[in-house]
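Once you scroll down, you'll see the structures, which are given as structure tokens.
First subunit A sits with subunit B, and in the next complex the same chain sits with subunit C.
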Partner chain A sequence: MAEKSFSTHVNQIYLPGDSVVLSKTDENSNAKIVLGPGLRKYGKQILVTKPGILRTKSSPPTYWIDCHHRRYVPARGDDVIGVVTNKVGESYKVYIGSSEEASLSSIAFPGATKKNKPNIQIGDLVFAKLLIASADMEPELVCVNSLGENVGLGVLSTNGFLFTVPLHHIRKLLNPECTLLKSLGKALPFEIAVGMNGKIWIKAKSVKQTITLARAISMSEHMNKEEMNQLCKKFIDRQAGF
Partner chain B sequence: MKETPLSICEKQCVIQAVKEGQRVDGRSLAEQRKTCITFGTEWGCCQVLLGNTRVMAQVSCTIQVPKSSRANEGMLFINVEMSTMAAEHFEAGRLGQQGIEVNRLVERCIKDSRCIDLESLCILVEEQAWEIRVDIHVLNHEGNLIDAATLAALGALCHFRRPDVTLDGREVIVHQLDERDPVPLTILHYPLTLSFALFDQGKIYALDPTNLEERSADGKLVLGLNAYRELCTLQISGDGVFIRKEAVLSCANVAASRAVEMVEMLKKCLAADAAERIKGKYDGLVSSVALEAERITTQSQATAYFKTPVHNLEENADEESLSVPKTKLVKDQGIVTLETKSDVSSSESDIEMEPLPPASVVKKRVYEEIDIGNDSEEEPVMLITKELT
Partner chain C sequence: MVTNFACLQTTLHNFVLFFTITFLVQFKTHSYLCFIKILKSSVTLFTMETEQKSIRALKCEQSVLSRADGSVMFSQGNTVVMASVYGPLEAKIQKELSDRMYVEVNYKPKTGMPGVAERGKEKLIKTTCNHIILTNLHPRTAVCITIQEMQDGGTLLSASINAVCLALLDSGLPLQCLVAAVTCLVDKKDKIILDPCIRTVKEGYKAMFTFAFDSQKYNLILSHCEGQVPYQLFQEAMELCQKASHIIFDFYRQAVLRKFSKELL
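Right, the complex of A and B next:
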């Protein structure tokens, strides 16, 4: 396959085995280039290892392949939603969709001490940040920042609904340019937690509203901006009673 | 691998939604997911899509020595395979509890209801008979495997053609497919299963449950029915679930009318497949892939979603109050199984069947008139009829 240059072929489809070349500006600058998921340096070449679309962002110049994924591979710093499956001593085992269950210490909550532990039942949902995510170790979750402060993480209410979407959809929803969640919120107020592991927790006033919102979000997977706007418009019209 | 744990949050939401008469995927309680039946290029290959649940069945045949107890009959063998591809907790080569349940229920629905005329499969009494083997492969598990598996198995059996045989004295000649047209199986009736998830101690039931609903439900009611509204199988499973007999009857009524529609749909698909084959340009399962490519359009889905569901359980409830359904035992020939406890489920549920009314009580029966190629030789055992008073 013909070699493609990064800058001119951003947002194009690549297949495993394709090679990509750097653009002149990236080659000449001394700045480090970050290769994200789906790209690998092989000798002097940069090879594609996953089928998908080439994406980029500047400062530092970062390139990755955006492909359809359902399985989550833990990455340090990701906010994820997990299901508490077991309590082992001072820590909880949390299912986050990775190959190994993550551990969450019972004192890694805002204001928690050895004596004052959070009340967590098996089957509860937690929204937590990945502190350790290496290939050979058990992932570790925390619900506080490095100063032990509350940063909006913690146990999620059982009144909401949890559903799973492919990972690329999560990235699309969390993109600052994506207005879907905001426009939906104009029609129906809701609480949402979006985990990088493909899980979304959502809670609106009633179960009916929760379900409608959840279905609207999962339906928007293959939509572009315009279609999303149309969906939101329809949604708002419907709420208004048209 | 372990099955994805079910959170309290999901379970509560499903139960709450069902109590309010709706479901997490936007359907109403008596609505099925979109069903799609496709046939392969080979005879006897059928793939069923029930929402995202995907099951494929392949029928094959061999000549065997018939059983000494049934010397003039062929054999039917049903085998279920659940690969790890379908769900993370399935194990390759081992069926597990769920797999055994599916296998046994498909067997009860198709084999024990004697929908295939096995006597026509005999070539030489006590010497040679056809053994029909149905291999059911679960390709994706998204709830309600039993219904998908039975529909796939039935579709494959209807689609299957065996090589023609002739006898030269006592010598059996098996003709190649190009030498003589292959022969379809004799199908006496078309049994299907329809599953209901039971919630709130059996007071609420939801047709065609998804995986999430199956796991959140108290129990499950599986009904096997054919297009004559005859009951072939009944199973209630779950941990300590009680169900009222009225609920069983109204479920059976909903299921019976759905079974009629589904058999009609299967026949339409079979007819379309036959028409395609006559044209000669047949692409088999490839067409199903093309169908899915269409499905990934966006606005079309959005409009479909905002439509209000057609089926409504409340309407059914109204009908039932007007004409009380009665279950009637006509004749017992031992072909129909009516069991209230599951073979594999850990618990049993106690159901008292209403004492059956004498035949004279039934004044008028409303039958669904459906043209089915072959008439059933067997007398129906259970009839679900609507009595008009």
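Right, the complex of A and C next:
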């Protein structure tokens, strides 16, 4: 730990309680430095709060810890998949995997008015964006953008399949460099909704194909790029009957 | 003579390594605890010294439970415990704290219902957890920590605290620092024995101490004492445990390194 405090070790393991030293260029520049998840300022020190790998990016200089999670903590702007559990007056209660259920107003749908409400039953799945996510308040979901337009959010059809994966796996799948979903899609066309809360909804032409895809996605958790390509090939071959 | 001695040392070291490996293999085949990923700590380096100055071999397997947010199977010598962390969850109304997270600790003994001794352990673990978790970041929530005793080989309290720390690391809850607990006892001849096994404990002792230290400055977080000894001996025992806690912190780092090994490239 002692030698760690002398230089910045980007892409190295950090444990809670370790201190991070900024790189020379960032320390001398006047630009504001952004501390992302897993880091906190304590006096003049920057301390780590979560175990993981230190990552950085420039303009603006940003530091964060890449950590493994299973439990979702709401963050503003995240797209999540939730299960409608209750209807309270004009709004629905939606379970998104966090400590508190989120609320979703029945007016926050594209084209919805006080009289023209969407048809949502208890148990339906919704793909929505988090509008309010604060530690002290109930999270609030919306299915429209700020102009009230349709942006691909809303109720998910009932003939799909929902499953849960760890949150770090979701981040890996949504990384533009990850080709898993694209290469699977070339062989087996499917519809997918990926929620930042670890829930994935998937729908393919047949039930068999849906299950194959769901299995391929959840199995790729501990795989790198090459292994993912191999897995894709294996699953597609098996699907074709080899 | 010098070369001879060095040679002897290497053979001794090899023997120790061999012994540990055979032990691991036996453990794997015989026991019902099938360890898939066995992490061996740097303890082998310390077994070279006299047995009283080292702690027993540490092993752990992370994310053993599929539904828990963080879980670990941890063994320290023959002592095996399993710890799991669930949270942040919705807190019950009467347990809800408006400015911080409520920490609940459940200690399950091997057989039967938890009694007074278990409640005592829960309380000690709870205060330690409250110290290391950044509870103010998740107000009005609760975190549920469960410890299942699997095998009693002595020093259950320190093993439980270490297992909980590893489970918290696995869950990714925000922590202020890490904690490592070490137990030592003063036997009837006033000799300090570090990390005693169950046989040593049953032989009788003058006093038994459990100390927990933080990872930043190795400050004392928890001290639990049974028995009576002069203050000098208490001080000596604490210093010995403080030194031994470094081994546990190294082990934590190795365990996390192992977990992230695929993403480091």
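Here are a few things to note about the model shown:
Definition applied: the second predicted complex is superposed on the first by the 233 of 242 C-alpha atoms of A that agree within 3 Å, B and C clash if a C-alpha of one lies under 4 Å from a C-alpha of the other, contacts with A are read in each partner's own complex, and residues count from 1 in each chain.
Heads up, the rule we're going with is that contacts are C-beta pairs under 8 Å (C-beta built on N, C-alpha and C of every residue); 3 or more make two chains touch, one makes a residue touch a chain.
Remember, predicted model here, so these are calculated numbers, not experimental data.
Of the two partner chains, neither subunit B nor subunit C is touched by A:I170. Looking at the shared chain after the overlay, A:L213 reaches neither subunit B nor subunit C. Contacts of A:H222 after superposition: both subunit B and subunit C are touched. Shared-chain residue A:V83: touches subunit B; no touch with subunit C.
By the touch criterion defined above, A:I46 lies against neither subunit B nor subunit C after alignment on the C-alpha atoms of chain A. In the overlay built on the shared chain, the residue A:D66 is in contact with subunit C alone; subunit B does not reach it.
When both complexes are aligned on chain A by C-alpha atoms, subunit A residues 222, 224 touch subunit B in the first and subunit C in the second. Interface residues of subunit A facing subunit B in the complex, by the touch rule stated above, are 83, 85, 95, 97, 121, 123-125, 156-163, 201, 207-208, 210-212, 214-215, 219-220, 222-224, 227, 230-231, 234, 238. Per the touch definition, subunit A reaches subunit C in the complex via residues 1, 11-13, 15-17, 38, 40, 47, 49-53, 66-71, 73, 98-100, 135-136, 222, 224. Listing the residues of subunit C that touch subunit A in their complex gives 68-70, 86-91, 132, 134, 137-142, 169-178, 214-216, 252-253, 256-257, 259-260, 262-265. Those residues of subunit B that touch subunit A in the complex are listed here as 4-13, 16-17, 20, 22-26, 296-299, 301-302, 305-306.
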